[in-house]
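Working notes, beginning with the structure itself.
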Amino acid sequence: MQRDPKLVDLDEAMALAVGALRDRPDLCLGGLFKQSRPVALVRAVLAAGAKGLNLYSSPGAGYDVDLMIAADAVDAVFIPGVTLENRLCPNFRAAVESQRITAHALDALSVVGGLMASANGVPFQPIAALKASDVLKHNPLISEFECPITGDTLHAARAVRPRVTFLHAQEADRWGNIRHLSTMVYADQLMARASDLVIVSVDRIVEDDVVLDDPRRVTIPSHYVDAVVHIPYGAHPTASFPLYSMDEEHIDAYADLGDAARKGDGAGLTDYLAQHVTGPADQQAYLDKIGGTKRLQDLEQEAAEL
Amino acid sequence: MQRDPKLVDLDEAMALAVGALRDRPDLCLGGLFKQSRPVALVRAVLAAGAKGLNLYSSPGAGYDVDLMIAADAVDAVFIPGVTLENRLCPNFRAAVESQRITAHALDALSVVGGLMASANGVPFQPIAALKASDVLKHNPLISEFECPITGDTLHAARAVRPRVTFLHAQEADRWGNIRHLSTMVYADQLMARASDLVIVSVDRIVEDDVVLDDPRRVTIPSHYVDAVVHIPYGAHPTASFPLYSMDEEHIDAYADLGDAARKGDGAGLTDYLAQHVTGPADQQAYLDKIGGTKRLQDLEQEAAEL
Amino acid sequence: MSDFSPLEQMTVVMARDLKDRELGAAGAAALVPMAAIALARELHAPNLSIGGEMFFNPYPRRLYPSMLDDRALGRCEGSETFIELFGHSHHGLDFFFHSGLQHDRFGNINLHFVGGTLHEPKMRGPGAANLSYCHTSTRFYICPTVHNDRNFVEKVDFVTIPGHLEGPESKRAAGLMNEGPRFVITPRAVMDFDPDTLEMRLKSVHSGNSVQDVLDHTGFALNVPEGVGQTPPPSEDELGLLRNKIDPTGELRH
Amino acid sequence: MSDFSPLEQMTVVMARDLKDRELGAAGAAALVPMAAIALARELHAPNLSIGGEMFFNPYPRRLYPSMLDDRALGRCEGSETFIELFGHSHHGLDFFFHSGLQHDRFGNINLHFVGGTLHEPKMRGPGAANLSYCHTSTRFYICPTVHNDRNFVEKVDFVTIPGHLEGPESKRAAGLMNEGPRFVITPRAVMDFDPDTLEMRLKSVHSGNSVQDVLDHTGFALNVPEGVGQTPPPSEDELGLLRNKIDPTGELRH
């Protein structure tokens, strides 16, 4: 008998994701802000018509969350910080201000604590460091309780178990053992341990021996992974260090379209979604659209020079 | 101004350790069973006359704990499994049977949960997986409480904060950034995060750039480390993979002496302690005693062939 | 069939019961269980994963008495730490393995002491790290490498690892929801548990042993159902894989 | 003294207040704080550690607007994850930095919304990830890169980051035991807090600004104690290190 690889094509991965999200629409995204976001998987699930999602992430997100809101796929956002860092997220902001989505007021410890509880297999994670912020009055992930050891009032972050998690990493073997080569890995490993269904896009596939020769480089063992998809530049326009840097120009141009839409002119944004999300037949078509080899070489060059 | 290195000599490290243990005698040891145990540091603290210790460890320990008991340095053992794996620990067994030490009945989750709580900075870690064992009736680290989320009865492992932790790793830079090169790291990182004072022995010191060129290889950042001591073969007779394997013959010969002592003939054990613990002037004298270059080459050879 | 050792017989019995796509780990006394898992992966369970004890899918070049360090685990598909083990212990595995100083009629296991009390023991054992897999995992196997009237006793002096406690009612009362111990596999025989009473009973006897031998070496009156036969010995295939690929240094034959 | 930018002035003010052997982190809007920490390490605090946000002691070749990804952090003395950040958030740092959409008289910070309510906001801001360092750390600095009557208001619409709340009593009642915000450092001036009332007051005014300028650009009646002078400008040494070593691409001058 032969072992079954977990390496699948994007269509197979999306069939898994869409089915699971129909069951419970809680989707979690890996990376942080502009690094290692699973954007190709996000575009694919939008192209597949995802709707009504509850979005989770490591505590900071921007472009991809905004894009999903622009594509009208989101009901609620459970992410503490949503920003492009150098500017606000236009569609996030517009959708909250017009009450088309609910953006919960949360903090990092509640989200991370909830994922820790889920990964640890316990009903909650105690938190002792939340005090005095108005965020505590609205936060749906926590409740107060009395510490059984000290008698102090603590917060319990109830287990957060995403139905589906999308991650992006640099490498995997065919069995689904994932290798982040970046310095920062954020909450990707925690999310993989905390989630029901985990789909990972990787820039490249490596031979089995690459994994076995350096097991400590495996950031997420295959056990936690349901499907791996080989998508070169799958994090674009966010970065996948050390392979390529973030495409700030692309994100800024997108944000300009979003701001125009927020002020009433949605044509550019609609066209952007058609050209980049629903239009491209595959990742290569998308890469041609965003500037092709020339643009990608620039981003690789920036990453190589760091 | 210049940055102060954390690299110190063994005497300085022991001055730190002995002072802290006088304050509170809770000592925790890294590694597991026969791998990456900080044995040179253990010998040094025994030679410095440590007494009345409460010993913690990752959930499994053997030779070093038995040695500390043989040297009459231990009051209580808070380690779930104490064994040489191929045989029982002779001095541990004899000391418990004659009620010279208290060996608490514990489990892995209580100890690990207590260290997790300490590392996380919360008063306790909830545990939901402890059921029906007689260990629960005696375990001093946990108490029952009602889950604020589910209403179920859970166990709270109260934070375990060792006063001093000894670890052994393969490499460090002079600033105290630690690099385990072994595949298995066990609870070393967790202990470093959970403890007051952390002293690490390493087989070799590397240049600053070695750390900076591969930050993800840093298993314990300098922040958690109070002192690094350069002690080649500092884990002997336990292993420091991938550099050298465990010296099973040495451990077995020691256990034979322990068993003889348990049955009434303590001369061999007394001599062993004099020859190996209190006798050697330094690590080189110890290494000469245990077989010198020839023996060490064999252990290196075994590790290299794996 | 060529000659085979009791540990080889134990290995193949365990291997045959492990299924493809399961997740399991070998526990602390790992020589025979690790051989069994490796054999199952070679034979009929290529998607069986070894995990839950800080490593995934090791590829050791030979077997070692302990399988918890880099000698056996240095080459594997990923390493974790005790923090992830904490999570696995709660989420559970499909199978695990245990053995102890004492095993009793209901499959309870004692690793702490024999005679006296915990803090005034006549003989102190090693204790145990991992208690939770015995009930968070779907099932476990009891596999001591000796079988005599001192390690198989009517009632253990201390329940380190709960098995079936005192039967179905006590198990339910304690919240043990999974199967618990399925088989007891020793160098002499295979035992299972009566589904109604959860009492241990003889299932099959290894080559070279009689039913009476097993009863003589068991410290309680072991139930012997009708038609207990011989344990199916290792096949050529099983033994070939074991000796050529998994255990080239013959650790199972020492 | 050569010309210098408002952000360079902010940087040196912060750097001068950081001490050797402290542990701190820069927060999300990290350009100026990270420059300040780097400058302090060069000048008088070689043992100051940067940590608590998933990395230790980075050595970026230049500054970036965000300092939370591999552009700035790829070369560092160790990386962690959000799990370790959870621990640091409880154990606290020596110092941290914050800025928001609104800052009020008591140093409270709003990053969530301006006008309306949380779920029916007039203008929705980004929110914030890290709330705890503001009180688990010994102190923090408020350092927005703009200073006008819309981001300095009498009372924030929402307390994302608690500062001194409504003064000493409310702080005590809420269990905020540490110093909280020490200085407010903007492109125009430095403010501190009256030790008795914990109300913000002017401390010094940067070169090119008058006291009246600062008052005109502050949305509440800022207290002006006797003898408020000019902020000591960057020294040759400070500016040289900043421009040659820390910020060679001039991010602080754009």
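Structural remarks
All chains are identified by letter, namely A, B, C and D, in their written order; residue positions are counted from 1 within each chain.
Note that in this section a residue touches a chain if its C-beta (ideal position, glycine included) is under 8 Å from a C-beta of that chain, and two chains touch if they have at least 3 such contacts.
Only a predicted model underlies this, so the values are computations on that prediction, with no experimental measurement involved.
Looking at A-D and B-D, the interface holding more C-beta pairs in contact is that of A-D.
Our note on geometry: chain A versus chain D, Cα centroid distance of 29 Å, whole angstroms.
Between the Cα centres of chain B and chain D there is a gap of 41 Å.
Taking each chain's centre as the mean of its C-alpha atoms, chain C lies 59 Å from chain D.
Counting only residues that touch two or more partner chains, chain C has 55, 74-76, 79, 83, 86, 89-90.
Residues of chain A found to touch two or more other chains are 121-122, 128-129, 183, 185, 215-216.
Judged by the touch criterion defined above, the protein chains form a pattern that is neither an open path, a ring nor a star, and not fully connected either. Every pair of chains meeting the contact definition is listed here: A-B, A-C, A-D, B-C, B-D. Contact residues on chain B toward chain D in their complex (touch as defined above): 1-4, 119-122, 175, 177, 193, 211-213, 215-216, 218, 220-223.
Residues 28, 54-55, 61, 65-66, 68-71, 73-76, 79, 81-83, 85-86, 89-90, 112, 118-132, 135-136, 158-162, 165, 174-176 of chain C are the ones that touch chain B when the two sit in their complex.
Of all the residues in chain C, the ones that touch chain A in their complex are 20, 23, 43-47, 49, 51, 55-57, 59, 74-80, 84, 86-91. Taken together, the chain A residues at the contact with chain B in this complex read 121-129, 143, 145, 147-150, 152, 154, 156, 158-159, 180, 183, 185, 215-216.
Residues of chain B that touch chain C in their complex: 32-35, 58-60, 79-83, 85-86, 88-89, 92-93, 96-97, 99, 102-103, 105-109, 112-113, 115-116, 127-135, 138, 182-187, 189-190, 239, 241-242, 245-246, 303, 306.
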